[in-house]
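We just call them A, B, C and D in the order they show up, numbering each chain from 1.
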């Protein structure tokens, strides 16, 4: 890929997430998708930029707000959508839903819905790599709200103490449900937390996909080269409610509008147009391609089948005798 | 003056809890509410919506995502003379704070030789049925009910949702209140305004002769529906609502067994080692000769709760499975 | 050459576990041990003493005081292809890591539709009897046994201490091993060197006709002593060692009930909602007509465990209380 | 008290702890004391210095290594010893033992033996004071090992975020059982942890009782005046094993000997002699007084009685109906 092809690819990845999730919101209204649904709209540059620099055998650990990560990692949108429909063809057999997307083939370790719960897991995956002398990276995503959880601190310390190849990606979208960062942390400069573990840490404009990719590349390279864990604070914003149940009482409409001016897709699109890399026609093609893909995903999900109730107890334990 | 009788006002389970909290806070300065998103967000399940406006951010206190610390802080504040209501968003997250409950709240008085009691109330949502999948659908009331030093309540009616809080706050010892997520929208008549209820006994919710259905919390409506269906089949089912999961009202359990001689226990917890087991054990120890049939338990299947609706429903206790169990025991 | 037969070598429960771990680590590079003070200190209960010297600090890995993170890291390492043995110093501290066990290890396979299994082994000390008071004397095996997705083992003999680890490590799913603090100094004959034992069944430790004593772990020696005393009274007691607390070997329980028709369950956990309740419930459901007497449970009193020896001993199951319960049931 | 009387008092307090615990060690060998016994010998300056600056209605939360704190707070040595003997006259009715000393009358909230477990409690006690507008301080003691626990971080953040009157006293004795600080923390400068919560923090020579008292006074005054929580890292060393079961495989004899040259009692005694505040005779009187006191404590404990077994279930719940 040339540089510019690559940039267009980043744009398309972000748009894929955006359109996919817009459809999810509709499908939630239509009651095709149920349970909790957490949209990533507004934050697409983060997952897109980070995922870009990872290798196929790197590992990803994400949260309940992980559609973007799954798509950027290359999970089939149809299998993700089928999962959200609760169909057995889904990437978790319809058992996980929106919050629990899994895919062994891309080393996508969920979809973890206990805030902070994925962090120790990432430390362990990285420990396995270190003990096995495999030059892999484990990238773990979590919100700024998770920084208040004890597990975050235990995991940071363990990773730094043992020099483990973890890339900590803190998605600072300023809110944990309705709790603003300044009501959740006495010290809101999150890189100071990393410093207190002697872990290299950078603040990154999470609305700029190229800035994210660049920072992530530098960090991942260092991690892979044995430089120990790194911490990225990715400053972003969610444009939508926390979940489909959230009346958004806690933030001003204005603030949201303000941030929408920094829409990562719109910004990047304009940059590419300004630099002559993209024109309206090419943009139209991308839109069409993504649209079609989302249509196909929905069709696949719709055509999917229900897991037979008889198999409810399958996979509680492995299907081999101990 | 009007001679039209106003229809009895209705209220939801959610509103009943909110009213109970607001009333307690109006009456007693020592009471405050603390938990994740109880304030500005209005509560994850909107239970505390509007309370921030009335009581301000000191008394309706949003906490960071720090379950262990804020539950522990509630315990500490209780030791310091306050009457905290700590909301843990759901029982699923309460595992992160379990050490504080088990190793501090529950043991403090005994271990200090009676010097320190801990008048904290900890509320949490529990249960499945909303397609929230494996990590958000636990029913772990039985674990809390295992711990000496705690009182464990499970309101299954509007009246209990409204009336259990005041005596819980009056209780000098730690009280855990489980609110089933499936009940928040339950609607019913407004109980008496100062409707404080007893928090020591189980209650018969429906009298019957042929079989006893022993249950609590989110399964109570299912048990009552099942009893209605059984009625149509000519089987008269008594429904015992445990209400208080610790200390259990043993006498009430033994009374209903001695009256119907057949027991189905319905519990949304997993069967193995759940609270249903304790009920069965009590009967096996103290009323085994009263039984005209083996005990049956209708519980959640021994699986992590799946997301897909049909799978989730298949995992949970249901009216038909309760009815079927009862029919097996009665033999028709 | 000598024709003197060497006395059978003896070994402690503690050494048996150490040998099992060392052997596993010699055989399989993927196996490593991780936990607080397992290395330089030699293990809180000296179980891993000397292993650091043989295997080095990468494979006998001291962790900071971070139960949640290092248990979670064990789970992650298992997902990453290793075969970790995680030592949580005691069950008391395991509450801090319970979220990782319940919400990650236990659900991962089911929730991912069968894609990810978690071959981790988590060992911990459990139980009371050493005057360590309320926060250090819990017996919470029953909680773990409540959770689908886990296998829970409780070695009560030297052979099991030696032999359960290898199959636990071979198990593709998470296994929790409870080692009772009162057993570490237990001494006995060295079992076969490759003594891998079955980890799916309960075992009769003593055959008897009049009554069954169902127990496990630290209460097993007490049950056997009680059986001996009962023998002298002309009561023949069968002792069933559950060994595997999840999944329970139901058939073995039902078999012994059907053979003796009288059951005492002995469990160091608190009675209410403990594992003893599940055993009683299984019988009440599936073998109630086999009973010639009500079930009795001999469990720990419903109190935080006190420090003073006489008080602690009064709180725990004891040989005389087991004997008394058995005599009540047999009627002499 | 004059300044010099006060200094002599500090010396006597430390000696009281030292001699009391030396006796405890003997009584453990004699099997009068059982369970876990964690000695504070070597660290006396810390509890003595901090406790000195607290008011009667301040609160103290300590760990399982709390004999020194209890003595310095003014608990009757006889009741402490009776507790360790398991007698009903003990300060916790014999139910707590060495790890669980409690005293309501001096607001001594244990004796908490889950590492880190006392921290949230302290936050809550301080919250109660803040909500009640009482100018009190809650001093919480914990080892450097507890810094790795998530609960430590959650508690630090909560206290700082809510500006609560907590005095965090980290007793850095360099080891958590057998785990040296550098094997437990990636960043061993502990005040940086406090900085990451924007909490004022000072390193203090924990072998110098006057330095401790001075730092504690400054910190406690600020806390009491509404300056929010403060963090003290008190650098000290335990001369004895972690507990009576510890064979001390993890540290060199030399290191221990090195530290013993900085014995807080010996150092301070020499200083006072050097400054003419203390002479051999006065020292002898102090020794005698303390010795007698310890004798009396043992006598009281010996004369104590056993709690009747029938009262085992008392105080599981309060003795009033709800």
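In this section, a residue touches a chain if its C-beta (ideal position, glycine included) is under 8 Å from a C-beta of that chain, and two chains touch if they have at least 3 such contacts.
Note that the structure is a prediction, hence the values are computed from the model and not measured.
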item: Omitting chain B while every other chain stays put - resulting connected groups; value: one piece
item: Chain whose Cα centroid lies at the greatest distance from that of chain C; value: A
item: Distance from chain C to chain A - Cα centre to Cα centre, in angstrom; value: 41
item: Intercentroid distance (Cα basis), chain B paired with chain A, Å; value: 36
item: Computed distance of Cα centres, chain C from chain B, in Å; value: 32
item: In chain D, residues with contacts to at least two other chains; value: 92, 94-96, 100, 112, 114, 117, 148-151, 154, 157, 161, 183-185, 316
item: Touching two or more other chains - residues of chain B; value: 64, 66, 68-69, 92, 96, 99, 103, 110-111, 133-135, 148-149, 302-304, 306
item: Graph class of chain-chain contacts, one of line, ring, star, complete, other; value: complete
item: Chain C-facing residues of chain A, complex; value: 59, 90-96, 100, 102-104, 109-112, 114, 117, 119-129, 131-132, 150-151, 154-155, 157-158, 161, 314-318, 320, 322
item: Chain D-facing residues of chain A, complex; value: 148-154, 157, 160-161, 183-187, 192-193, 195-199
item: Chain A - residues contacting chain B, complex; value: 34-36, 86-87, 92, 94-97, 99-100, 112-117, 145-146, 148-151, 176-179, 183-185, 246-247, 249-250, 306-307, 309, 312-313, 316
item: Sites on chain C touched by chain A in the complex; value: 32, 58-59, 63-64, 66, 68-82, 84, 99-100, 103-104, 108-117, 148-149, 151, 167-168, 170-173, 199-200
item: Interface residues, chain B side, partner chain A - complex; value: 36-37, 39-42, 44, 62, 64-69, 92-93, 96, 130-136, 301-304, 306-311, 314-315
